[in-house]
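Sending over a structure as structure tokens; questions will come in a sec.
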Amino acid sequence: MTPEQEALRASVADFFSTGADWGRLTGELGLTALAIGEEHGGFGASLVEVGIVLEEAGAALLSSPLLATTVAALAVDPSLPAAADLLPALAAGDLIGTVALDGTCTARPAGDAFVLDGSFAHVLDAAPAGVVMVSDGTALFAVTDPDLRPQPTLDQTRGQGTLVLWQTPGRLVSHNPAHAQDLLHAALAAESVGVARAALRFTVEHLRTRSQFGVPLATFQALRHRVADLHVQLEQAVSSVWFALGAASTPEFATAAPLAKLIATEAAYTVTRASIQLLGGIGFTWEHDAHRYLKRATANRLLAGDPVTLRRLLLSRADL
Amino acid sequence: MTPEQEALRASVADFFSTGADWGRLTGELGLTALAIGEEHGGFGASLVEVGIVLEEAGAALLSSPLLATTVAALAVDPSLPAAADLLPALAAGDLIGTVALDGTCTARPAGDAFVLDGSFAHVLDAAPAGVVMVSDGTALFAVTDPDLRPQPTLDQTRGQGTLVLWQTPGRLVSHNPAHAQDLLHAALAAESVGVARAALRFTVEHLRTRSQFGVPLATFQALRHRVADLHVQLEQAVSSVWFALGAASTPEFATAAPLAKLIATEAAYTVTRASIQLLGGIGFTWEHDAHRYLKRATANRLLAGDPVTLRRLLLSRADL
Amino acid sequence: MAPEISLRAPDIRAWLRDHLTGEFAPLVGTGGPGREHEHLDLRARWERVLGAAGWIGLGWPAPYGRGASIAEQVVFFEEYARAGGPGRLSHIGEYLLAPTLIEHGTDAQRRRFLPPIASASELWCQGYSEPGAGSDLAGVRTRATLDGDRWLVTGQKVWTSLAHVADWCFVLARTDPASTRKAGLSYLLVPMHQPGVTVRPIVQLTGTSEFNEVFFDGAVADADLVVGAPGDGWRIATSTLSYERGVATLGQQLGFARELAAVVAAARANGTFDDPVVADRIADAWAGLQGLRHHALRTLSATSPDPTGASVAKLLWAGWHQRLGELAMDVGGPLSTVLAEAPDDLTDSQRLFLFTRADTIYGGSDEIQRNIVADRVLGRVQR
Amino acid sequence: MAPEISLRAPDIRAWLRDHLTGEFAPLVGTGGPGREHEHLDLRARWERVLGAAGWIGLGWPAPYGRGASIAEQVVFFEEYARAGGPGRLSHIGEYLLAPTLIEHGTDAQRRRFLPPIASASELWCQGYSEPGAGSDLAGVRTRATLDGDRWLVTGQKVWTSLAHVADWCFVLARTDPASTRKAGLSYLLVPMHQPGVTVRPIVQLTGTSEFNEVFFDGAVADADLVVGAPGDGWRIATSTLSYERGVATLGQQLGFARELAAVVAAARANGTFDDPVVADRIADAWAGLQGLRHHALRTLSATSPDPTGASVAKLLWAGWHQRLGELAMDVGGPLSTVLAEAPDDLTDSQRLFLFTRADTIYGGSDEIQRNIVADRVLGRVQR
């Protein structure tokens, strides 16, 4: 990482540790503006910077529509007319966005815009969203003031909702909905690395400070080897996410993003399950954060393509 | 186990430790006669006793057509006319038998007998076999002096062969070829328990006697836990085989036998792989027996239905 | 003594059909691990119906109980599970304390405690684990001192199932203040309804409570309420642990079978059953459950049981059950991440997934069980 | 100094096409782990062709070598692997000893040893592991004593790849007889062609030999052939181990990719590729290999490398490779249990399966690597 990237990481980690005030997050830190082009009021950073922010958001288990808004903004083709209306508002944080990819819809042209019919489930952070980017399989359309109905989630730190489209107007924002999914994969992957890293950190802390049989838990080789395996899996996940974020503008992104999602969500799932085991009784309680990390890891694993689905996708895209 | 069964186990283990002389194995010990009815010159023991013998044969990595002959004999319906010709010779060890289930053939009646056309692969202990029980999917036919062509095997302690049938005469020996496969599954399962148990035994011995970092390997908790897991898996395999052998004459045998084959061969595969790891360098050498156990475990796993095939079979037979 | 009852399967089935009805009908399928919070009062009354009929203590040897064979007990458990009988509240007394008293107690203790266990008029809980010690029982720091004709108990226990409904608790406490580790512990019988005892439910990752913390602050127990000699508590406590295995396992497995059937039904309903990768995992789960059954049947029938058998069995079922919870979530797919619409509560799959995280921790963690097994297979090392 | 060569991919490709032909054509795809016994003489000659052209020591810093960047070396490795270049015989000298001498050696040592490594006129092997000590390098019992102007070395090494073709061996030996563990070890350079050195091939579970036992019985090395100070061998030896990672990894991964492609081809040929359960495992293997590549690229480009990075990488690739061997056997199914018809030899799948058992043992077993990683993550404990 460059010194600038290190500084970004430190500052957002510091900020997230104090909460997730949307006004400060978008205004003072400008996190939603990060990867939006300068011509649309953004900073024109790369996906690598976005990944750093999302990883720290995952580590803090941030409850915020940051990921959804970021993916929505990145999915918009900045050269299309709608971009000029949407991106500045998304960059400024005045508009909260999300994407709807898990469902079906049909789009028919109507004048400058389109009319959409369909329904979607598992739309992330649906409740606060003012715009949702909807895929009909061939293109992406922005629907403002969408009919999103929140669903209560197992992961209390991130909401979902269903979206119903019935003769709903939408504006074309991209001809490449597959790229929107790749972006979502990369974003969830980066976040999952943060989830895994934080869970491993508090687990290690527990093992170093708690004793059993008169010695610190961290001295038991069976636990040490388990932690070593978790560290190795996390390091692999870091590498996959690093590669995917760096490949954002190359054709390899189409395999690198789902691959990173597969590897990083598996790592987070493995680490957070092991974390509860290694924490013992305390990890099973509501008051300890371990279960919240497990629930986020579980959600990130099952949403937007579970591991089997991702492996099938990879096999279809792989040069085998 | 009854005291008689314990005595049987001890005596065959003792005998197998000195080799596998077919004359003594069949004559003095009468092992091929064990489960054959008394009316055909056998001892009329149950499959439980057969299992004990095969487990010890597996533990000794016996190179002998005992398993194949036993399965061939048990597959014969003793009420059919051919049984009176075949079973006494199999019981006495004058005739070595095997089964051919992995292939296809057609059978058409010709007088008292049948004429068979087809081909089979992976016929166990093909080289010495004087009779092979062949399945056409609906019945089992005994082919004497079969055209068996030996194949060199990875597992040097057990041969295989291909069988070609071309207008070959065969006698009806069973209307239930599926039972023959169940018997083969149960036999391979029992043998695999022996393979796993012996491999775990010499691995434990190594860990107890060899030192690293100045202390016995057996004191390292990571290795201890691995051995504990192997022991647990072996105990589960013992139970599955115990149940299958006891269920030989019940309808549950049709699920219990492939289940035992699945669980016991997985246990043997896991133990023998772990064994080479835990033995370190010495386990990688030709001179140590570890690789022979691994090769037998691998063969037992892949022959007569690999794990995926067995799980499919079980799902089709399960009451789900 | 309870009335004579038939232990034939059809008669048990008929009895359950006749009684698990009316006011008790809502209990079908309730209670048990992960749902221990459900219908507590009604289940306590149900226990007394069971007790009055003579179903509690079936396996206790005469003269304390019926001396039913393992096979007979298996029949009862299987029928009870098939009928959807609710999770039992009296089992800690029936299966843990009672065998301990029969083996190690005094006649007076047996006369005092066994009948109310059999009638379910007194429920028990187990005071072993302590915060900070995890599965290390020898790290017990709860203290008891003999003050004239009574013990005064001070300390804290955790993971105490059903403490909030229990009348009594068997407590492992340090009675020799100079002792460490396994020496100097005693096995005390402590009444729960007294000022010196406070029960605080632990809210679990499921959002419900099943385990508790129990605080003893000068809690009182009569001087004769020590099982075995003072200082002999480690031996008595580990003997109690060895009773945990047993025929109850087979009833537990029928509960597992119901859970697996629900996963299969869900997979059929959403079409994932037709995905060979999912089907392979379902078949693996089915095979594993058969394996658990075969293992229980073999070990129950063994003439000389493996002393580490309880650890082997625990590792097998806990791991299987945990994997089933994971499978249930995967079968549900993305829908597993949203809560049941109304009430705003966990789905069965989510409850199974989350609650089974505890299976490999409580009652001796997987790590402790592996230590025990390794001690047997490889010989002991100092720990 | 070798002639100037172009490090552009097309030029490398052209050079390889022009040279890996004629008498060297049979070498394509031979050698390397599991096939190290193949064509030894011809491969030794091939190494000298490589050396004469200037391909050996590309990454050594000037003035010793070309100082090629990592990216340039990657290009060479990738092209070499794509061309099916045979397993290298000079890599132990090039990648282990040479960096050690460059960092810790004397000028005289560098002048004496680097040129013949670069020309492949002297091949090296590594004398670390000993029987009975496994991966515990500090348990070294081979002794060396200074006798006038020479070291006399006595002891035994195992797992010594290519000892039977090597001219020299770098040996970790105990030079202070009173020392234990990491103290008192020295790093000696010992000629192999002398009466005091005996090489005995170890027949492996594959039936072939690749590793050797090396017996030193009063073997002689000049007094100045110690790298670093006498007694400083532990530090030097562990620094050598840290060089094992590096760009060679990417070449290794292209070998892995070829092996995976063979498994895919076999699965397509026998139809198992259409079985979704098998396809899922193949996809997992493919994903794992991509992951290895991404991991190597990240760690090679890191400005401050993780000191346990070599252990992490070893655990990742060894486990992946071993699972590939298992997958290859499963894809083959029952046919994996019979040998290739003629010659009566292992199939590629069998060789892969069997030989990869060693991946998690040699060069520091998985257990040792986990110890190293855990020391970093959890802090050291005495071992």
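Letters A, B, C and D mark the chains in the order given here, with residues in each chain numbered from 1 onward.
We take it that a contact is a pair of C-beta atoms (placed from the backbone, for glycine too) under 8 Å apart; a residue touches a chain by one contact, two chains touch by 3 or more.
Chain by chain, the UniProt names read as follows: A, B, C, D = Acyl-CoA dehydrogenase family protein.
Values in this document were obtained by computation on a predicted structure and should not be read as measured data.
Asks: When you check each chain against chain B and chain C, which touch both of them?
Replies: A, D
Asks: Distance from the CA centroid of chain C to that of chain D, rounded to the nearest Å?
Replies: It comes to 54 Å between the two C-alpha centres.
Asks: For chain A and chain C, let me know how many angstrom lie between their CA-based centres, rounded off.
Replies: The mean C-alpha positions of chain A and chain C differ by 41 Å.
Asks: Cα centroid separation between chain A and chain B, in whole Å?
Replies: Chain A and chain B have C-alpha centres separated by 52 Å.
Asks: Which positions in chain A are in touch with at least two other chains?
Replies: Residues 220-222, 224-225, 308.
Asks: For chain C, jot down the residues that touch at least 2 other chains.
Replies: 275, 277, 280, 367, 370
Asks: Taking chains as nodes and touches as edges, what kind of graph is this: line, ring, star, complete or other?
Replies: Graph shape, chains as nodes and touching pairs as edges: complete.
Asks: Applying the document's contact rule, which stretches of chain A touch chain D when the two form their complex?
Replies: 204, 207-208, 218-219, 221, 224-225, 227-229, 231-232, 235-236, 238-240, 242-243, 255-256, 259, 262-263, 308, 311-312, 314-315, 318, 320
Asks: State the interface residues of chain A toward chain B in the complex, per the touch definition above.
Replies: Checking each residue of chain A against chain B gives 220-222, 224-225.
Asks: Quick one: which bits of chain D touch chain C in the complex? Just the residue numbers, please.
Replies: Residues of chain D touching chain C: 275-277, 280.
Asks: Can you list the residues on chain B that touch chain D in the complex?
Replies: The touching residues are 102, 121-122, 151-155, 160, 210-214, 220, 222-223, 273, 276-277, 280-287, 290-291, 294, 298-299, 302-303, 306, 308.
Asks: Please output the residues of chain D touching chain B within their complex, sorted ascending.
Replies: 129, 131-136, 138-139, 158-159, 202-205, 207, 211, 275, 277-278, 329-330, 332-339, 341, 344, 346, 350, 353-354, 357-358, 360-362, 365-367, 370, 383
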